[in-house]
Every structure is written in C-alpha cells, then in structure tokens.
Amino acid sequence: MNGQDRYANRGRLLVKCPDGPGIVSALSKFLFEHGANIIESSQYTSDPAGGTFFIRLEFDCDDLAQKRSQMEADFVSLANDFDMEYRFAYGSERKKTAIFVSKEPHCLLELLWEWQSGDLQTDIAFVAGNHEEARGMVESLGIPFHYIPANKDIRQQVEEEQSRLIEQYDVDVIVLARYMQILTPEFVEKYPNKIINIHHSFLPAFIGARPYERAYNRGVKLIGATSHYVTNDLDEGPIIEQDIERVDHRDHVADLKKIGRSIERRVLARAVKWHLEDRVIVHGNKTIVFQ
Amino acid sequence: MNGQDRYANRGRLLVKCPDGPGIVSALSKFLFEHGANIIESSQYTSDPAGGTFFIRLEFDCDDLAQKRSQMEADFVSLANDFDMEYRFAYGSERKKTAIFVSKEPHCLLELLWEWQSGDLQTDIAFVAGNHEEARGMVESLGIPFHYIPANKDIRQQVEEEQSRLIEQYDVDVIVLARYMQILTPEFVEKYPNKIINIHHSFLPAFIGARPYERAYNRGVKLIGATSHYVTNDLDEGPIIEQDIERVDHRDHVADLKKIGRSIERRVLARAVKWHLEDRVIVHGNKTIVFQ
Amino acid sequence: MNGQDRYANRGRLLVKCPDGPGIVSALSKFLFEHGANIIESSQYTSDPAGGTFFIRLEFDCDDLAQKRSQMEADFVSLANDFDMEYRFAYGSERKKTAIFVSKEPHCLLELLWEWQSGDLQTDIAFVAGNHEEARGMVESLGIPFHYIPANKDIRQQVEEEQSRLIEQYDVDVIVLARYMQILTPEFVEKYPNKIINIHHSFLPAFIGARPYERAYNRGVKLIGATSHYVTNDLDEGPIIEQDIERVDHRDHVADLKKIGRSIERRVLARAVKWHLEDRVIVHGNKTIVFQ
Amino acid sequence: MNGQDRYANRGRLLVKCPDGPGIVSALSKFLFEHGANIIESSQYTSDPAGGTFFIRLEFDCDDLAQKRSQMEADFVSLANDFDMEYRFAYGSERKKTAIFVSKEPHCLLELLWEWQSGDLQTDIAFVAGNHEEARGMVESLGIPFHYIPANKDIRQQVEEEQSRLIEQYDVDVIVLARYMQILTPEFVEKYPNKIINIHHSFLPAFIGARPYERAYNRGVKLIGATSHYVTNDLDEGPIIEQDIERVDHRDHVADLKKIGRSIERRVLARAVKWHLEDRVIVHGNKTIVFQ
C-alpha cells in the first residue's frame, strides 16, 4: 500500500466556533453516524470562559470518496446550530505546492528530500527561481522548473508570471524557500495564509535584512530561524515554527550562516509539513498547531 | 482563587477498551448530558486495526461534588456496552504522596520546590529517610519526617514500618527520590504502578549499580536519567520519562554525577507531576503519557 | 580535601593584547619557569589578521601564596613587550558576591543551591531585598539579609545604602536575581562589568518591560532568558549566556512565566559561575566565554 | 580564495605523552621558532597526577610546504625529550575517504551535501555499495561508484575487492554510512581507528540488530544514534559522537526509524568532520574530541 492509498479514506474536519457545551458530543455523534472512525482529535479553547473553540478531527471512513458530498451536505445544519466556521479536507486530494527559490538551495533540497521520502503529503507543482542554479536538481525529479529573473524594478511583471503559473497549476500553497525578493501587497493579499516563509532569525529579534550580521554584532549566544505565514507587515505574520542552535564567540558571520542553514531547513520543513496536514490554524496573528 | 479551588469542579475520566466505532461519541454525549464541559481530550489507539483504545478526558462540571456519585452510577451501563476499564478522578481529591529518600537531597528538594509553587497537585503525606539529613528542610515546611534506618538485613522490618505509615496516611503514590535501598518483591507487589523511581542512567543502558562510573568507563558522550514505575524486574519497569545532557572527555565521574543530578531532578519531577494529573497510563510494560 | 583547599594553589592568568607571533610561547615559558603547570588553556583571536588576542590560562603552582607577588612582579616586563592588558586571579581568593532580589525567589534559590553544593567559587557577602520574603531562607544559611525598600522616588537613597554595603563587605560581583528596580547611571558606572542581570527574554527580542506578555501576544514558539552585564543602555549590555524552551499555543502568560522561571534560573546560574571562574572576557559589547 | 587554498599553510600537531612540566612551553617555543602562528590549542590531561597529556595545536606558517620536512626533522629531538607520540597533519593534504553504503541513502546524502558545501576537508575517493541505488547520485557528482554485491557467504571475496580499491585510491578513512554488512576481524584489524560506523541506537543501549524495534518494545522516551570507530567487539568501539531525539507512545517502529534517520545523518556527519580535522584522539577505548 503506497502513501497515497493509505490516505484514500482519510478525512479531516477543522472547526472554529464560540465555545459552549455539547460541541464535541455533536461532532463525534455526527462522525459516528456517518460511519467515520476518529483517529486523532485535538482541541483548544482560547479562553475557558467565553472563548473560541477549535478542534481538528482526523478520521477514517470506508468509501469516503462516495460518501463525502452527502456528509458535507448533512454537516451544514450542525454547523449552523453552533455558528461554526469549518473545513473538510481529504487525504485523497493532495495539496499542490509551488516553491520559490533564489540562489541558496538548502531549504529547497530539504523539502525535496522530505517529499521523496513520502513525508510531505503534497504534489510539488513547480519550482520557480530567480536564478538558474536549482534547475538540474529539480528537473531530475520530474518537477517543472521556471526561471523568472527578478529585481525590484520588474516586480509587477514577475508576479504576473508567478500568478499565471499558480493559476495554471492550481496551486494551494506557496513556499518561499529562501526566496530573497519582497512580494507586493497585492500578491500577498491574493494568497492569505497560503504563503509560508522562512526568516533567518529568531523573530521578533532581527526583523528585516542581514539578521546573521546583526546577530553577530549583538553577540547573541543562540541563533534561530522562524517559519511564518506572509502578511504585509514585514516578518510580522503568524509564526508556525521556530528553532535555535547554540553559537559562541568563535563563530564569525560565515559560521552563523552555515549553522543557520541547518536550522532554516528543518524549521521550514516542519512548518510546511504541518500546513499540508491541516495542523495549523491561524487565529488573529497567532497560530494553533495541532501536532 | 487558590490552586485547590480552581480544581474544585474539575474531573477526569480515564478509559481503556477494545477499539471500535462510537466510543468518543458515546463518551462525549455522556459528559454533555451530565453537564460536564470537556477541557482537554487525548486519545490513543495501540493499533488502528483491532487494537486497544485509550482516552483521557478532563472536564469541568458545576457542583461536581454533588453530582459525581450519580454520574458514576450512570456510567456503569455505558462502560459495560464497550467493555471498558475506567477510572474517575477529581480535582477536589488531591492524591497523597510519600517520598522516600537517602542521603542525597536534590530530587527531594526539587519535588518540594515544585510542590511549594503549586505545581504538584498533591498533599505530601510524609517523607521517610534512612538518613537524617533532610529532616530540617522537610519539617520546616510542616511535613512529617520519619527516620527509618535501613540496610539489607532488616529489610522486612523497615518495610513493615513503611507500610504502616503508608496505611496510616492513606498514601496514593510512593516516590523513590534517590532512595538507595532495594525493595522486596512483597512490598512492590502491594503497590503496582504506584511506586515511581528515578534511575540515574538512560535506561536500558547501565541497568543496575554505579551507572555513572560505567558511563565514564564506556566513554559515552551523553548521560541520562530515567523515571519509571517500579516492578520486580530491576530497572525494567514501565518508563515514564527520560532526559539527557551532553558530556565530554573532560568530565570525570564526579562531573557526571553533578550533571546527572540536574537531569535526575527534572526527570523525576516531570514524571511525578504527570502521574498526579492522571496523565500516565500503563499498558503492558510501556506507558502512554497524555501531556 | 574540601573545595577551597582544592584551589589553594590554583591560579589564572587572563591576557588581552594585539595578536602576533610568540605570545603563547612567551606565556607558557614564563609559567614553566615559575614552576606553574598549565591545567587549562583557552585562546581566541578576534581576527586572524591584525586582531586582538585573548588567552585564559589556568595553572597549578606549589606554594603559590608565597610565590605570587614575585610572579606578578616578573610578569611586568613580559606584558610590556607584547602590550598586554592582563589580570592574575587566585583560587585562594574567592570573589565576594552580593545578590539583589525582589519578590520572586527562584533565581536566588538556584544560586544558593549551587553555592551550597560547592559549585559557585564565591563567598556570598549579603543578600539585599526590596521585599522581606527571602529573609528566612537567606539567614538560615548564615548569610546576612538586608531589607532595603525601594521605589523610583527614593532611588538615590536606596543606592547609597547599597553602595555602603558593597564597600563594607568588599564585594566583587553584584548579581541582580530578578531585582525589579532600575539602577541609576551613576550606580552602573561605578561597577563596570561587575553587575550581572537576568532578563526574562531572548534578547534582543522583547527588550524592556513585560516580555512574557509580549511573547504571548506575538505567538512565539520558543521563549528564552538572557544573562548580561549591566550597562546604561537598557538590556543592551554584553550577553554572557542565553537559553530557551519550547512553548505552544496552549501556554498562556502564566505558563510562559512558569516555564521561564526554570530558564532564568539556569541561565543566571551559569553566567555567574563562569564570571566567578574568570571565564568571561568583555570585548566591546560582546563577551568571550572560555568554557 | 577557495577552501583548499585557505588551508594551504595550515598545519596541525597532535601530541600524546606522560604529563609533566614544560610541555606546552617547549611546544609553543618550537612552533614560534619555526615561524608558525598558533591558531587553536586544545589540551587534556587524563589525570592531573601522573596522567597522560594530550594536545592538539593548529597553526599557520608561511611557506609551510617548503618548511615542513625541516620542521618534522627538528621535532624528533623534542619528542624524544618528552617521550611523545605525535603526528603532523597538513591542510594541503586532504584525507581520502571511501564511503560504504547499502540501500538506505540518508547518511551518504548528508555526507555528500556537507562535502559539496566545503564543510568536509576531504576528497571522496569512491563510494562502494552492495546495492545499486546510490549510483546515479554519486556519479552525478563525479565520484566513482563501485557496485559490490555482498552477503555473508562471500564476505572474504567482497573484502578483497574493497581492500583492493582502498589501496588503489590510497584511502585514509572508511565511513560505513549504514552499510549493513559485518566486517571480518581481518579487515577491521587492517584499518585501526580508520573505520567510522554509525549505529542506530544510543549505545550501549540496544547493541546489535534491530535497535529501533527493541527501543519500541522497551518503551523508551528518547531514541539515539552513535558514531564510533569499528573494533572487533561489536558496537563496542570508541564512541566519537552521540545524539538523541524525543519520541512518545504514538511513535511506532516506522516513526522511530524516520526520526532516527535524521539523528543518524547528523551524528555521522559530525564524527566524520571531526576525524578529518584531526580532532579525535583515541585513548584506550574512549575518545578525546577537541572541538
């Protein structure tokens, strides 16, 4: 049984609603009556008194492909009763991912590695680079590579080309794998909570450019990386994952960059994986991550 | 509102049964109909096909003290339907803990510290030591200290005294906080999954005596500690928690012991905390820890 | 042999000078000719070409108490040859430490614990608190406790009292163990690189007040603590040590504070320990830490 | 300046001798008089009283290629004076590495990645596999790949072929990157402290086969990997590096293997890197690692 078949009858239901009694009971009754077996359940209440309730249910259901439209239709009235925002997702429908990259390939390579091992539940629709370096590697895996030279003077034109590809390939998630170009507000607004970036510092320390140089100058004893959804406030979007490594006075900027690369690659890979498995819910400017 | 009041209406329901459809639905319906609001829910299935299902539900319920006997009575038929083993626990009924200690006080001190900060949901019934060192510290906190000299020749007599105290204080949990005496099989069998030990190695490495000396001789680059339930197989009981620290060639045995003390104290404190919050379920010789 | 005797013949030599050939050779020849055996040697060059050279030598020397003044006298000409700044320190002369504390005792307790275990090479001259909470604990260890109420209106008067005590006890190091008062520029300037603070964030993130609240609002996935020398730029002094712990969306501000306390206590304890062992050299606004 | 040029004038001197006064002085004087500038110095004494002294000196020296034979000749008498075992190594002479691999490529890939980034100071002479999987990847980097099918019945014949290649390519280090074959005592004895293995457990826990299965059955809360020199005691050779990751009850054997792969790859990469930089000294059955 390959990875995709394994998830053929797998569904996920994500719900957000005002907290109150009876929600879990109603949801689990609904799934039971539709023949679904709950595999994993994670819940969170922003505030025990009068807060917002979040739940992620992962379930298996025989013949899910046949049953799902009926299930979704039946769910409407339950959702209305509890004033739910909700979303169904299906293991049989893998998300389509586009990866944007510049010169440095380490984050791209880590994603391709995880994808090859079957650990990223996605189809990689294409890789777009404003440099050619990654073409060989990408194409050798049967993934289309699009070379789109970029600089700040032709930003709009570049993004038109990117948007065209995103539409053509029906992309669900855009991963900025050390893509060193600023995106326009218009582009960002088109893909809310769908663009995942890796920033090479432990945010909110060292927002903006040249974080390793500034970390070196400040004399910090740990350096980090942060993966977050892109918003139009620079490096201020909802944080999905962060990690750090220890450094010391002997580490010059080049050493920090090298150590940083290994942090960046694992932080971004985790964030993308969780997003693809519908484990990340954005709430205000923060994330709930149901691991 | 102090810590105890905060948990006055808090209940926990732990269930183990053959996996099958409808369990979560039935449980959440039951709690909803009894006016209980689920605060936290954690589940695990040992095997998706034909395995054992485990769930821990933490809930708030107004007037729980009044309602609980009715709730327990009503639960019997549901439990029968699903062939459940189960247990209710109540925040208003703090578990009673006895701590056994020898000369080295670091694990005892960590537990007392956590307890003073309100982070251990327990009453410390008494501390028993086969040395007098800890008496001052313990009694200054208003906790009874019992000095019970011990050696292998008077083991039975020592354990009779200990058992008498355990009965007198109605103790629920016995923590061996670096208590350097072997317990008899009879004593261990009286308290299954109720005696928590800290072993000063990363089990199953260095089972038995003098683990730091043996770690030094083997030249390991990490040392660890393991907290586990005591069974009559030496250092083979179900593991609750483990952790490690990095060491190097410069660390002699005395350094390993010092580094080890800080690992031991945090590993034991975590294990005891989780046990007290009914987060640990023993399954065969392994534990499920619902953090 | 107790801890102090163990260091009776132990000396340390710290040197800073322009890098160039022959420095290590000259220093090791000097020590050899004075009968000193090098136990530990750590060096660092800020820049292989034309940088500053730093070295810390720890040595044992029989009858050091008798020989040291001659050794120091002889060293002058070598130091002149290489344009060295340097400092000798002796294991027989334990540094005297004052600890300032407010209400929260966890950092103070950690330092007292380490000191009791013989792991801090210092005499604790006194503890000064602007609250009375810690008095009992401190005095039970035979350490003087001075209660000096403080607020911003009487800052000068408070600091006069503190300075008087520092002089009276001949204090070498002042540790701010979560002492929640701002120090005046005059006070700070009197004790350059001698005041060690613990800040409850991963600097430079969350400089200033209420870092845990701000960490919570930003939705970070890791929280940290930073120990640094105090300068007159708030939270901008040379960093000695930092560490972090993982948190998640379930952790409210109170949880972050609790987790943070365990980070703060170990970060401060490490920084103080290294300072007392003359392992920390300030260079510009950064530190070299010879572990 | 590329990586190799950067090390053109770089030398290393490793020394082991009975501890005593004057060693550092004599060594640093020697290097100074031969125009060498000490870049890094690390020392260790197995026992302050009557132990063995170890030092690793890294130095830069103009025109080292011209001077080195004279330097080595001059060193003989100093070495005799102190009864030294010693070894000079030169940055201009990169070690030659052979990598043995079976089916699983993750450790090989990590080494190739580090090598491509310039972080492994070595020439990869060849990769030998008892499966063909890695051929494409290896040859695309210009590295020879030798397919040598292996099983226990043809062990001797396989090792003859391997030895022939090792001799032909003048190999200095053999890395077993998850090479799942047992080596004969004869082969192991030919390459003492030159064969580096990665074992997929936290040794000495789970010596031998199927460590992840056994870790799963024991219910450990951390899994690890160990890189060590190969000796003829199975999994008992000197440990170079170890690391661990946290797991929990939800992780089945397949999950442990996946998590383990990421531990294995970084542990082996570190061990190989340190070996190549002459940072590892074997002493008895332990290692001194001068990081």
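In order of appearance the chains are A, B, C and D, and numbering begins at 1 in each one.
As a working rule, contacts are C-beta pairs under 8 Å (C-beta built on N, C-alpha and C of every residue); 3 or more make two chains touch, one makes a residue touch a chain.
Every value quoted in this text rests on a predicted model; they were computed, and no experiment measured them.
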| item | value |
| --- | --- |
| Interface numbering overlap (same over half, different under half) for chain B and chain D | same |
| Fitted rotation between chain C and its twin chain D in degrees, CA, nearest 5 | 180 |
| Most remote chain, CA-based centroid, reference being chain C | A |
| Between chain B and chain C, centroid-to-centroid distance (C-alpha), Å | 38 |
| Centroid spacing, where centroids are CA-atom means, of chain B and chain D in whole angstrom | 42 |
| Touching two or more other chains - residue numbers and ranges from chain A | none |
| Touching residues on chain D, where the partner in the complex is chain A | 109, 113, 117, 119, 258, 262, 266 |
| Footprint of chain A on chain C - complex, ascending | 44, 202-206, 218-222, 224, 238-244, 248-250, 283, 285-289, 291 |
| In the complex with chain D, residue positions of chain C that touch it | 21-22, 24-25, 28-29, 31-33, 35, 37-41, 43, 45, 48, 60 |
